[in-house]
Amino acid sequence: MNVVETHGLTKNFVVYERNGLIRRTREVRTAVADVSFSVAAGEMVGYVGPNGAGKSTTVKILTGILVPDAGTCSVAGFVPHKRRLELARRIGVVFGQRSNLWWDLPLIESFDLLRHLYRVDHQKHQANLDECVERLALEDVLKTPVRQLSLGQRMRGELTAALLHGPTVLFLDEPTIGLDVVSKAAVRDFLADLNRDRNTTVLLTTHDLDDIERLCKRLLIIDHGTVIYDGGLNELRDEYEPYRTLVVDLVTSGSPLAIDGAETVKVDGPRQWLRFHRDRYSASELINRVGEVAEIRDLTIEEPDIESVVAKIYTRQT
Amino acid sequence: MLLDAHLILAGFRSYATYRAATIAGLFTNIVFGFLRGAILLAAIRQAGDIGGYSTTDALAYVWLTQGLIAVIAIWNWNELALRIESGDIATDLTRPIDPQRYWLARDFGRAAYALCIRGIGPVAVGFVLFDVTVPPDVWQWMSFVVSVALAVWISFGLRFIVNLAPIWLRDWRGALIVSNVLATLMSGFLMPIAWFPHWARVVMHALPWAGTTQAPIDVFLGKASGPSGIATIGLQAAWGFALFVCGRFALIAGTRKLVVHGG
Amino acid sequence: MSVQAEVSASWRAYRHLIGASVRAQMQFRTSLFMQMVASCALTATNFIEVLVIFDHLPMLGNWSAVEVAFLYGASGIGFGLCDMAIGSIERTGELVRTGKFDSIMLRPVGTLVSIAGSDMALRRVGGIAQAALVFVVASARVGIEFNVRNVVLIVVMIFGGTAIFAAVFLATAAIQFWMVGANEIGNALTYGGNYLTSFPLPVFSGWLRRLLAYVVPLAFCAYLPALAILNKPDELGIPAFLRYASPAVAAIVFLAAYGFWRLGVRHYRSTGS
């Protein structure tokens, strides 16, 4: 069953460019053009694209904030812009740079207030709260006013706030932006658990491709308002960057290795980098071949980072 | 001097970006001009002249004060206080320019922009639509211009000191509101100072707030001309200078506190 | 959901939001107290204006000092209550500009309730107290009889005023969906309206009176009901039954303003800015 479905979604904005004191020119800019995709229940999808590509416009349409100019969409069984208030109770939204919490009140009071706004039954609320508090380790800061929380604590608070009413879909916009490494890991672990245990569908917009790598099997890439890639992360790699790199630390420094099926791209003392095609050769095969000509002390295999993959798509598009 | 000119221009430009706010403010100032004018007019028509104000004086007074609001900006200016509260002031202190000079120059830029639209606008509306008192000669006009410039200086002096409050007070917004109330009451903005009882007049004329509003208007209407005009402008200059010196001491003390205690 | 259920749900949400806003402000008691005193002082300056004028003349038109004080008090209470209850919608343009309006749209609560409830200006209690004090003293001195009719009329005057001012606030906030950054444009009608209604209407003349008193029906905030309570003749020749029309007028303009607000939200949802 599809929890999110869009078909031919289009949104134009009219912008006025001022030239001179009074004269202005009217220009129609297409933010989202003919976007169609669907997300099945329990999927966790990364929504990626450069600034101004139309990511947040799509999210705003899906959450009922904006009315699309053309196309259809449904989220959790509702047409978002027609049933905004009902939809609100079935989705959770976290905007990384905007707070949904009450700045001057203790965290727990924000949660309590949200219970009333979302009209969540007391027991359900308490169960959700207990679970989030435990998993996100919020126990110690529940009585702290939000303004005194660290960014990481606040983001964990925001996540909790978005989940208290038990949404079926979670929209996350840059949930790890500005966080330190530890908090990022905590947030990612939590989201992975949430998706696994509760089968919550997650649509994740992010600049941090580590988020995607860690969390999403499927990826939607949008540029200039259109979806330019929809598929799995691994398939994306296969198509656009099918090479992996074997990094070997040899016992002795030497000249670049000449191994059949691999290209030695870099040498740094005893460490060498060998690039090979993921489909044509297996890593073990290659390791054996290296072992035949040199003594290996240590090795790692590097996957191409998704950033360069995405960059390739962009350049291929243009 | 070149530096100051640049700062003034920068101040002018940065305020010029708030176009919608400027138009909205202008609209509000004009509507209030009509309302206040109607009330003063009704009072004078019934009582004959009040405190030496004829109807033409009162209308000039109303529209000039409506124009001065944004120019002297004595209400609600908290740009510096917000920078101190947020800690951004640290960057200001690392610049190779004296902060007081920087903010003063910027404020003159702000005032110049305010004058162009929100200053001239209400005055133009009032002076075209109503029969108002106008200075009889060039000298009085020029004195008025000098007096308005001094009014901005005094207003800046007061605001600068109040805006340093967050260095010492957590409740600096309270201090700002106290300053707003005093400015409304004492400047001659609420009602011409001449309309107040004698004892209040004496107090109000002696304090710096009168220099921000009532003084330029007295000069404009010729209520302070000749020797009394010189005295009025002289008192403005004295207050401007005194406040500037106070601001300097406050800034030195404040900087020391920020540097020592790390804000 | 039926209209009735919707209204009651909104009301409950509003109460919870207000409660949170009050608790948040109570965290800074000293600050709140100072702001209340300041609010009181700022409203008092307007009353000082009245006092200064009547220092020079016994009557303004055919209105005495106490009668004007009565108007001033009624207008001040009505305006203060309204400003306290929904004054934070003044910030609509700012919310749109900073994108916070999006967060508000994501709540399962109406936008108006969400914004109005987000920041109840408790400090206004100071101004309301000042206006109330003036009103009580003026009522006692002006010699009205405290019978059922007059008490009802006073209540109607004050709450009718609150609702009409609320409509003005709402309509001027809605303009900000089209003119982001123009939050001051509302001040002309809100604070300007409060100023106007503090004085007898005949003081003003021409298009200004027609616009603010009848088009924006501020005449129904204090002036017309006060004529009924004080049993005064009207110089303007306004039909006498309109002295009792405040509640009906308030209901109509509030609904109209709410419709305009909805239009503003719809505009936002189609343009996103």
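Chains: A, B and C, in written order; residue numbering restarts at 1 for each.
Here is the rule we go by: contacts are C-beta pairs under 8 Å (C-beta built on N, C-alpha and C of every residue); 3 or more make two chains touch, one makes a residue touch a chain.
As the structure is a prediction and not an experimental result, all values here were calculated from the model.
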Checklist outcome for this item: Touch-connected sets, chain C omitted, are A | B
Next on the checklist: Mean of the CA atoms for each chain, then the mean for all of them together: which chain is nearest?
Outcome noted: C
Next on the checklist: Going by average Cα coordinates, which chain is farthest removed from chain A?
Outcome noted: B
Checklist entry - Just how far, in Å, is the C-alpha centre of chain B from the one of chain A? => result 52
Checklist entry - Rounded to the nearest whole Å, what is the centre-to-centre distance of chain B and chain C, using the mean of the C-alpha atoms as each centre? => result 29
Checklist entry - Counting in whole Å, what is the centre-to-centre distance of chain A and chain C, each centre being its mean C-alpha position? => result 47
Next on the checklist: Counting only residues that touch at least two other chains, what does the list for chain C look like?
Outcome noted: 28
Checklist entry - Which residues does chain B have that touch at least 2 chains other than itself? => result none
Checklist outcome for this item: Seen from chain C, its contact residues with chain B in the complex are 28, 30-31, 34-35, 38-39, 41-42, 45, 48-49, 52-53, 55-57, 59-61, 179-185, 187-189, 191-192, 195-196, 199, 203-205, 208
Next on the checklist: For a test of understanding, state which residues of chain B touch chain C in their complex under the given definition.
Outcome noted: 18-21, 23-25, 27-28, 30-32, 34-36, 38-39, 42-43, 46-47, 50-51, 170-171, 173-174, 177-178, 180-181, 184-185, 190-191, 195-197
Checklist entry - Along chain C, where are the residues that touch chain A in the complex? => result 9, 12-13, 16-17, 20, 23-25, 27-28, 99-100, 102-103, 105-110, 266, 269-273
Next on the checklist: Using the touch definition from the top, list the residues of chain A that touch chain C in their complex.
Outcome noted: 11, 13-14, 31, 57, 60, 63-67, 69, 81, 84-86, 88-89, 91, 93, 95, 98-100, 102-105, 109-110, 113, 116-119, 145
